[in-house]
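We call the chains A, B, C and D, going by the order they appear; numbering starts again at 1 in every chain.
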């Protein structure tokens, strides 16, 4: 089987990471590469680490350029995927790495993104309950946001098991690639090195409704989320520290059992041995998720920490994992759980 | 007035930062410098940034070496301060930068430090209610821990004003100097760069009882604290993200008013203008504290973020500020609120 | 004596560092602050570390705004200083932190900067032979480039003593602030962290003719310079590794003697003890220069390594040091030799 | 074909990187893993990124533990390989990642390493003239040092073509993993972040004679090397800036032609297009080498810059590439030229 794949937005960080992974996927042949402002340029200077594609010239992002492939990956600014997707045939697998089709509630979309809701596609987080069923055979996939990937994996077992109160508090640190490649002063190396700073505090981050959607579905009741993202001085990685009050009767043992069961058969999620904590460096460049749990008896809270690579499992790796499922390929084809460390 | 100061533990990070600040203090004359394993060595290669002290030779840490000064700063491993302090006269100002005399509850000390409690000294966080009164004229000062400094300043106004429920959730990122200068594999540059990782999760960090002590005093009722510290890839800085459920009636405006009032006359604490967020880079090397608040209506939580330099305001700067108060000097003598950035 | 100082280009990195230093200068009162694209904005969000100036509003950079001060610092893009300077009176001390007035040879200027040469001002590197005489009482100062500061200090003693062949080879690493605050993709944190890369290889860097000018003057004969700058993953600092073939008769001892003599009375230059090597971290935020020398007998070369803070001694600190000399103030007023480390 | 491989020194950085690559090698089965001080421990906490090997327990490094494999990789401290190797049969492929068998001249070894020379093995840098012939079918391989890998690849074409004078000047920046995993104070994250510092200046670095050996062989005459290594604030990567005076008649065109020819058929070496410069980030985690050349006419020098990943092509990748050749496997089996960026 040869899967011909096109990538829209090939000059950005998400597109670049996807291409890195596609180059290692044994069943994929890389087709059209498109871009917006970089159209007409060779990929070499834009993605200097992707040596085998250095001479590829970027086409403008149009439905015509993307047509004729088995899979089309969209790594476009929010709000631009729908117009492209509707011109690609229903038989084409369209994987949207943007936010457009993640939310089920049109009101949430409008409140956080300020435009009309485009719809809802099957959600590309296979580890969630029913996640793989929704993806199998699908021809449309909404890849989760990077923060919601880490946070949902950290907390859905607790909510699914009914052991956590429906008020989650999350503080997460992200590497700078999560903010994209557009040159903005606050993302300069001079600004971010040696610096930790929060943003979107108080409920304003666009990933918040996506987390609420996932956690509420797991809990079977509305879950509120207090989410504070912070920018960390590293290129990649998300470390999400998630907690919620424990419902009565929780113990370290029962908490651990819940998580051991939830991830027992997951190829990419590691519940770490007791005493070892997730580290973003350990999942650098890999599709792995490291999770650890603790029950803080004095505070009465369940604390779950998850580490992912925001570009890999958090974006491009998650997209590829979902593509594998949709196409009936082994789920881990072309995906590694081994990080590049130190 | 000339204050003769001795520093025990001069070869470590806390001692080095203290010396950097003392060199800029117009009223202080630096006397004996002592160390343990580095005794007998010149300071130059150990603290290469402290050029004017390069030829100073470190003496072994003994009460004899420290005697005869107006102020003695102790930057010793936990549990070692009492033995030294009791041999220094009551007229000598002893400033303990270790943990020994911070906690009021002997049981807390024994639980978290595993040794006998040495006692409780006036607490060197002047910004707390009654903080300055406790320090004025005192001849013993317990310098707060770096995390408790950030967290207590972030949350005491909310608890003092009775607008927060007594269950605080805190996630903080610290630069690596907070872990000291002892060479341990997990602190190697190869390990920490590009890496975020938590430690002491689930209530185990020794700074937790100190936070509980401060916040409970402010609240007038017992406050529980869920504290997760994380190690960030930067040499200095603490970013503490602190939240608690709001009591009924809180609004963004009332929250902001509480904090504006609490810090109105504080020389080192900045409540940032709305829209601007604390950044550890902005307080690099300075005694300033940046604070910002948000009320997350959907989650019903007060979120407060504070940034400090863990070595400056979080340790040596706080020590010096308290010394100034104890000696009757202007509180900001020798202390800057201007960070070294970018 | 109160020196009223204006700063043109106050929102950039050079301007920000100058303001940080001016705030600590006991004789300076900060007057007008101007900017180009940021005119009309408050300084607070642009330079969040400069707390005492947070409410200052930036004026557009015009001669009118800058008039009426004792000193005017120009931190403008290359080629813009002359037009401003000629409208400021001869009695005003104008300190140009740009390149416009550094070069003596109009042809060099035109070749490397592509515009008409504006002239030559007294050169703000007091440590060079005759440097202080040229600055004393002057009302125009050309502040050296950051790389030429480090390189000239590293090599002028060898050339002045006639012990080095006139072909210098220099490889220098610079922190990212040397590239300024304009947002460019290759300066994003995601790009620079974990990355070393050269630029301007093969003689193309604009600082090359300035180095040639200084070293040739010291040598009394034309010196060629092979200069390779590299971008290092740190906000500040320059580490310059400089070498030249030794003339016959050089030994480690004679080399060391030459350097010891050259820097014996210099307040800001440290020839390190044998066995200790310059480190940019040791001069972080300070006006100090660390220098170390070695004679590589097998290769027959003199190797000199210098470390400076590119924004401090390399730009704003050097500017202030020269201002002090020009105004007859003690040369080290407001300048520290103590770095902020770790 | 299944190649059973043992790794001695599996808990260090070189060993860990080798295991990361071996896990992706389709023909290799990982056998015994040994260590010295970490013997008896599971690999999981020591190499947390190597998830599939987490439960492997490290054996003590003995010939017995290493016996019975097709290939034995030695990642041992200098001077320890010979004793192990001589007890492994001649039919076993022994790949020494240490320095013991790199040098041909016993005097050089004794001078730089201070012990008796163990001998000389075929040298694992296939790109050198005759390099592959020496490795094909060999059962002993000496893997080059990381710096010599970068420097030799950068300069052998110029020396081989007779266009460079035999006096090379090299300044290289290395990531901290090159200094190993032993916890030393100067390698702490607090020390290395934000810091550039040289070491082994003036000819003292142990990699110098290895460079001289390679470059002299290429030149057919003795080449002197002035080598200054610097420690850069990044976990991985070497950027080597290498130059030599050009012999008469060199031009940019002829220089470029020499390099284009030298690397025309090399699977891992990229002579970058004009205008693009090597970046360590672009080869992060890959076996690729980026090279760029410039002819500085004013200085009369050839400048060559090379970027490698010190742990990959500089150590473990080079070892694997050489193993492939020795065993008759396709040279690039299990090795990628695609970096993990940003």
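By definition in this document, contacts are C-beta pairs under 8 Å (C-beta built on N, C-alpha and C of every residue); 3 or more make two chains touch, one makes a residue touch a chain.
Protein names from UniProt, one per chain: A, B, C, D = N-acetyl-gamma-glutamyl-phosphate reductase.
All of these numbers come straight from a predicted model, not from anything done at the bench.
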Path length in the contact graph (chain B to chain D, fewest steps): 1
More contacts between chains, A-D or C-D: C-D
Chain of greatest Cα-centre distance to chain B: D
Whole-Å gap separating chain A and chain D, where each centre is the average of the chain's CA atoms: 35
Euclidean distance of C-alpha centroids - chain A vs chain C, Å: 45
Overlap residues in chain D, where contacts from two or more other chains coincide: 13, 175, 177, 188, 190-191, 193-194, 233-236, 279, 281, 284, 342
Complex contact set, residues of chain D against chain B: 13, 175-177, 179, 181, 183-185, 187-194, 233-235
Chain A partner contacts - residues on chain B that touch it in the complex: 167, 169, 171, 173, 175, 188, 190-191, 193-199, 201-203, 208, 224-226, 228, 230, 232-237, 239, 241, 243, 245, 277-281, 284, 292, 294-301, 303, 305, 307, 342
Chain A to chain D touching residues, read off their complex: 13, 16, 20, 23-24, 44-45, 47-52, 177, 193-194, 235-236, 270, 273, 275-276, 279, 281-286, 288, 290, 336-342
